[in-house]
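Each remark here refers to the structure printed beneath this line.
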Amino acid sequence: MKIVTLGEIMLRLTPSGYDRFVQTASFEAHYGGAEANVAAALANWGEDALFVSKVPDHEIGQAAVDALRAVGVDTRGVLRGGERLGIYYAERGADRRASKVIYDRANSAFALSRAEEYDWDKIFAGADWFHITGITPALGKNAEEVALSACKAAKARGVTVSCDVNYRSKLWDKEHAAKTLEKLLGYADVCIVNENQAQELFGAPEEGTAAYMAEKFGFACIALTYRRTIDALHNKIWSELFMDGQSVQSPVYSMEMIDRIGGGDAFAAGLIYALGHKYGLQKAAGFAEAVSCLKHSIPGDVCLCSLEEARSLAENEGNAKVSR
Amino acid sequence: MKIVTLGEIMLRLTPSGYDRFVQTASFEAHYGGAEANVAAALANWGEDALFVSKVPDHEIGQAAVDALRAVGVDTRGVLRGGERLGIYYAERGADRRASKVIYDRANSAFALSRAEEYDWDKIFAGADWFHITGITPALGKNAEEVALSACKAAKARGVTVSCDVNYRSKLWDKEHAAKTLEKLLGYADVCIVNENQAQELFGAPEEGTAAYMAEKFGFACIALTYRRTIDALHNKIWSELFMDGQSVQSPVYSMEMIDRIGGGDAFAAGLIYALGHKYGLQKAAGFAEAVSCLKHSIPGDVCLCSLEEARSLAENEGNAKVSR
Amino acid sequence: MKIVTLGEIMLRLTPSGYDRFVQTASFEAHYGGAEANVAAALANWGEDALFVSKVPDHEIGQAAVDALRAVGVDTRGVLRGGERLGIYYAERGADRRASKVIYDRANSAFALSRAEEYDWDKIFAGADWFHITGITPALGKNAEEVALSACKAAKARGVTVSCDVNYRSKLWDKEHAAKTLEKLLGYADVCIVNENQAQELFGAPEEGTAAYMAEKFGFACIALTYRRTIDALHNKIWSELFMDGQSVQSPVYSMEMIDRIGGGDAFAAGLIYALGHKYGLQKAAGFAEAVSCLKHSIPGDVCLCSLEEARSLAENEGNAKVSR
Amino acid sequence: MKIVTLGEIMLRLTPSGYDRFVQTASFEAHYGGAEANVAAALANWGEDALFVSKVPDHEIGQAAVDALRAVGVDTRGVLRGGERLGIYYAERGADRRASKVIYDRANSAFALSRAEEYDWDKIFAGADWFHITGITPALGKNAEEVALSACKAAKARGVTVSCDVNYRSKLWDKEHAAKTLEKLLGYADVCIVNENQAQELFGAPEEGTAAYMAEKFGFACIALTYRRTIDALHNKIWSELFMDGQSVQSPVYSMEMIDRIGGGDAFAAGLIYALGHKYGLQKAAGFAEAVSCLKHSIPGDVCLCSLEEARSLAENEGNAKVSR
Amino acid sequence: MKIVTLGEIMLRLTPSGYDRFVQTASFEAHYGGAEANVAAALANWGEDALFVSKVPDHEIGQAAVDALRAVGVDTRGVLRGGERLGIYYAERGADRRASKVIYDRANSAFALSRAEEYDWDKIFAGADWFHITGITPALGKNAEEVALSACKAAKARGVTVSCDVNYRSKLWDKEHAAKTLEKLLGYADVCIVNENQAQELFGAPEEGTAAYMAEKFGFACIALTYRRTIDALHNKIWSELFMDGQSVQSPVYSMEMIDRIGGGDAFAAGLIYALGHKYGLQKAAGFAEAVSCLKHSIPGDVCLCSLEEARSLAENEGNAKVSR
Amino acid sequence: MKIVTLGEIMLRLTPSGYDRFVQTASFEAHYGGAEANVAAALANWGEDALFVSKVPDHEIGQAAVDALRAVGVDTRGVLRGGERLGIYYAERGADRRASKVIYDRANSAFALSRAEEYDWDKIFAGADWFHITGITPALGKNAEEVALSACKAAKARGVTVSCDVNYRSKLWDKEHAAKTLEKLLGYADVCIVNENQAQELFGAPEEGTAAYMAEKFGFACIALTYRRTIDALHNKIWSELFMDGQSVQSPVYSMEMIDRIGGGDAFAAGLIYALGHKYGLQKAAGFAEAVSCLKHSIPGDVCLCSLEEARSLAENEGNAKVSR
């Protein structure tokens, strides 16, 4: 399966240990972004994953590319140019002190890139799947056009399109988001959306959210994701998959987290893998949620679990013994 | 509000991660002390906080001053001279292995400083509040005189005096402590004391401890603090505030801790802030306990939480979602 | 008491923090091995512990020796020569991501050492106790001969022999293991075995495992150890001690772990200490389990707890307050 | 002496050790900027130094403020608001591999701040000296206006103005720079300029550069600075001071460098200190160059040397024995 | 240009800073090997570089692959299987304390791999160049066969073959080496050899070494490399290129080194690049030596310099100013 | 050879990298002291070295003992008790910024220990050599008595006594030092003294210093050591050995240093080894100086070089090639 994902990749700067921003003497460097993380997880499992983006033509841009190449992502879709790589600062929380993210991503090479810079024919040649998230159009006028243009191009070439709604209130207001995301979702075959966002942005009812969304947008498959925050290091997650009028629920994972970022992207990667490999609905939900759960135990943005680890957990044989 | 605090500031040396003293190859450096921590938390919230102490006139003494200046403390009250900066070694525990503190603070510049070195007129000029703890008189004859002299000077100038009993059995015996602390508390308007210490040192009954203490010493306000140790990284804390014959209790926080040291000082800072800003009794208890709770999630001696974080937690809207 | 232990010591390479193998930029270095860990714990408590092994005559071999000497082990029993020090890579897990061990220990100096290189007269001069584990004969033909030769020599000199079964399926197959371990256990006065391994390897019944084993091999004392894996960082452990037809159970410790490796070796050290110091059966079980519990809170392979810490926990007065 | 400096403060991100950008797993965090570094060096020597700037109202902005407060800078002149703190990535070179700086400072809070946001009356109240560099007007239209407005305001209040030309070709083109800097220098009493920049930007002759500049702009004092690059870690520096028609030269320092950044700012701080404290011309040149030399041996942007160290080196009694 | 290289890739374990093996608490992890380093440098410059090897099918093997993928190497030529990844411990020296390497590479997956496992048709499809070193046949009987088989296959397909003699006395004795290397060099079009090794192994005269070697083996081009060790951190290097009866010498670089390992491999990469891109002889020598020089300033085994950096240094315009 | 050394062992706290005291976030931990370092170097070479001292009965004291045990020192001569372990802060300098030491060693367990606590019979049983330095009597009245008592006891038992003058002006004044050291040197057979101290303290002439000292105190052997400070990281060292009226000079080592501390102690260890093993005078001087030179390239207080490394350097075959 050849999967294409498109979006921004950023440098994540995280204070060491549990230090607050104001007290750290150094920042751990990770490179990630919603769509990049999906490509990375899939490539790590041996899939052919092409990442499409734009990074500045300097060493920090190159470092982002190298991080993806290390796990096997095909980065030939990454344009060079523009002024800067977006940054986000991420402080690890603990107990009742919430984790904190400060974005500094405006005017990034990708956000300012223009749709005509991308060669869709080349990008989608041989592609089976295209994945994008609602973060991309939130990055500004240019990125919105890139996003829509990409979806249109994928659709026109018969590529399956998945979209993770991923609404970020810090990036745009709800009204604008709703309008733009509706356009984007119009191209999607598969949708992933957090329960609350489905309701807030698209007026979905509390009961029957999935069915409402599937009908409204004509999705072949929709995943509703749920997250309950116990404290900064403990979350509960689960999901509902809805397809062909049938609905299944994943197990609920109550987690002690190492790194919360990228949990949703891992779910998306798991879902794409499962659907692409024709898993049954229940098995697909279980696999995707297991992948998401495992991501929360791995530092960095990318879910570096193996297929075996994910499958083993999904099949409930997962355990945490030292294997020796 | 201008707050003055007086006491010793020390270098804290902590093995990296969960290493024991005997196996660490390096020590994390933090600077703190009960009264310094209170000044730091208040300055970090924008209050005018003056710290009074004495440190040796070398770079390690300067580093302690710099650490306080970084968060905005006015360090013009810190004298220079003497031989050494006190040290304490602090090993992080885990599970049933308790955290360990080894003091090496005898003969510090502050402990040997003499009352006549301090210019109370200058120190208390414009001051609204003076805070001290029972650790200071425990440091020896000189420090005891400094402590009493400071309280007397503050009282004479109409400055509100708060005292955190903070009895440390490693520093002095109970009898001596009780006698000296009674003198000190005689100057206090506001008292903070751990339930057990109130009973052991001052003969307070198990029921009605707060009222007993308030009456005995004539406090305008007394806070009784409670701590239950589940294991090295899990504690439960709460408190009772007693004022004008009225008693309220804070919420109980069951915590997964990052750094236990300074939790009591954070409570004191929160209480001073709340009383100084005329919070109602219940709100004051809630705010002070929230500050204390948050401290336990922050590395180092100082509670680097923001007012917003403390208020949000106190108002029970606190949660630990990644905000992005 | 003079205790002799014999076995392999390895370099353990652990990614920093919770990093996976593929993402770490550095490895923490620890030196350990089942029998070395037992010697180290006992030496750390002031016992006279001689470790017998073979390491290559280069600096990595020397570093292993130095690590043992640091805690007081007598390393005059360590031969020099051979080609390499065995290695094992150990990745810390978290939540549902299991900890992982990759062995790279084939052809180590010890594994290839021959029985005739060891001078049993010198080694066992004045010895009271000899400890070995089932890992040693699993290392190959040579090591098997060394193990049996050592047991025979100890026995012949009236030294008490203890053996921790420690079956590792990655090192040898069950049939071969069972056969060889039966020979080894034939020399043992004291046996430690995990409940499952007793049943799988030696056909012990689920009920009365200890009695079955004691009778089958003629042990003076047998300890059955139990471990339940909640997740990668949470385990429950307990044990049963059987001696003179009497059986006692230790408390159950439900632990939040810092470092799982060496937990069983700590138990063995605790048991040897307790039996050697003539503790009663119940007290012995409690002490050994407390030592094992404490090990899980200490980084590295060796249980660096003090006797006081272990006794205090065992006597249920253990708590995890900061002592200051 | 009260000194005011105005400019941008940035986060510097430096790979650990000698790692290249593409291979580092973490970045050391330092906060600095040309004018901030001058204020910091002066405050560190006990001078009253006010820094004027604007940083975003979030924790990264606060961290920059804290770094300055730690060394005693008065940061009440720092406005809050805007979107981002400027960043620069700085890779340490070695041997023939040059150090590298990648700027990511466009659209910073300071660069977009407007002249009318600054209250010059308050800023210059009691001020003796104002220092600015040519980097500030290079940051864009807004910053240019702020720079000129500040100089005008200082001049109008009788404050001595010093300007370090600091032409950075990556920030603007030569023509624009020359025109704007001429305006800026029109306000300056004291000028610091690299020999080459004096010639390239202002047409100064190779011989008599200082005199030419002094006459052209009417400087009371001008410092010409020289730097020869041997390799990434070895530079030679010296300077010429010209005042009242008299010219002196500093010693030449051939240095093995630890951190090259901020060397020029340290010189400026040294010069301001020397002139403000009425050093003779030769002594001033010697002191300023000694400060600059010492900076190159100190990590970070700020010259954390003491007055004693600088004086001792300047008086040629400086040596590098371990003092014990 | 498509370049194929074949050989072993190992994990390099380096104590932190200047620590000796026996005192380090952690090891920096790098992955490298002579032929892998050549592929990595070429891929980093944008060339199509395929690395052929075998690594164990576990995460440490994968980490080696990931390190190569990160810089763009095509790792589809890396087989999976076998028992272990070779290791070498490398201690940084300083002053008169020499750097130290301890090999632990016996029985690696690659060393035990068999010639028939490699599909030469696939490997050499479209290849222009094949590079190997004398380390490969030194790894044992199997590796020797793999090496010869690869050379033969390359030759048969018209691929240019380069061989770096790289004699390591720790791996095999001189006689065996000479005999085997003569066979290997029989296939080579381009040879790189240290002056001493040419004389010791192949009886080359001190004068006219290059011509002697070229004639003896029929090389189209031969590079003689020279290294003089001043101390552990200072070396002088230069080289002589001999082609078509013409000889040129590179500049001599007297270096302060950060990481000595991989300097020769960087030279080889530079030479392959230069010859492949039809540089003239003098320019080729200058470029290759510049690349080698730059490598010594970069941590790790791989020369992560850019083409621009290498060209700039080679053209003598290289300098080490901070570019900003 | 059994060597006994007696003195204080301290915790050394060093900022990471080249950080100044005021900017470091952590301190590297090393344990050392003049006489401890001598014992450690000798034990590391396989000699039987007993260290006599007193450390507090807590984990920091234990860590000091463990550090010595790791390299093979017999620590059964270390008493437990007293209040604290002495500390010294050591900042690495660079270029013209001198390294800095801040002592915080007053009132250490050793400094306050009393002569009668030491059992000289047991300590000197079987001893061949006793080494002490002038630092010990500088630690106060008690330590002075311990030092003299030890020398007397050694002398009485026919043990060879060596004394390194090691005058530290920060610890005592010259007059007191001279008087006390004369007493100490009265017991010495072998003396090590810096040229300047010989002249300043004992009135030795600039010419014939060694002969003067030998005659004045009746030394069998005296070593004069020389050090020239180029800058913080570059020193020149050499020495003169005088024995039986004959004088030899060691080579001069011009060094690039990693860690200057312990260079003199390494010399002493080298000299004791050489004299104890009956080296000729010239060979002894060369060996001792080579050991001292190598120490400067090794982090920490202890010279962890091997005998082979020292001999190889001394025999001028020393080089700094990577051996592989």
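Going in written order, the chains are labelled A, B, C, D, E and F, and every chain counts its residues from 1.
Here is the rule we go by: contacts are C-beta pairs under 8 Å (C-beta built on N, C-alpha and C of every residue); 3 or more make two chains touch, one makes a residue touch a chain.
Keep in mind it's a predicted model, so treat the numbers as computed, not measured.
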Going through D-E, C-E or A-D one by one, find the pair whose contacts repeat those of D-F for over half of the pairs by residue number. D-E
Which of A-E and A-D has more C-beta contact pairs: A-D
Roughly how far is chain B from chain D, going centre to centre by Cα mean, in whole Å? 40
Which integer distance in Å separates the CA centroid of chain E from that of chain F? 45
State, to the nearest whole Å, the distance from the C-alpha centre of chain C to the C-alpha centre of chain D. 61
Interface hub residues of chain F, defined as touching at least two other chains: 20, 22, 25, 66, 100
Chain F-touching residues of chain D, taken from the complex the two chains share: 71, 253, 255-259, 293-294, 296-300, 304-305, 309, 313, 318-324
Which positions of chain B touch chain D when the two form their complex? 66-67, 69-72
What does chain C use to touch chain E in their complex? 13, 16, 20-22, 24-29, 58-60, 62-63, 66, 83-85, 87, 89, 91, 100, 102, 104, 106-107
For the chain E and chain F complex, residues of the former touching the latter: 17-20, 22-23, 88, 90, 93-101, 103, 168, 170, 229-233, 260-261
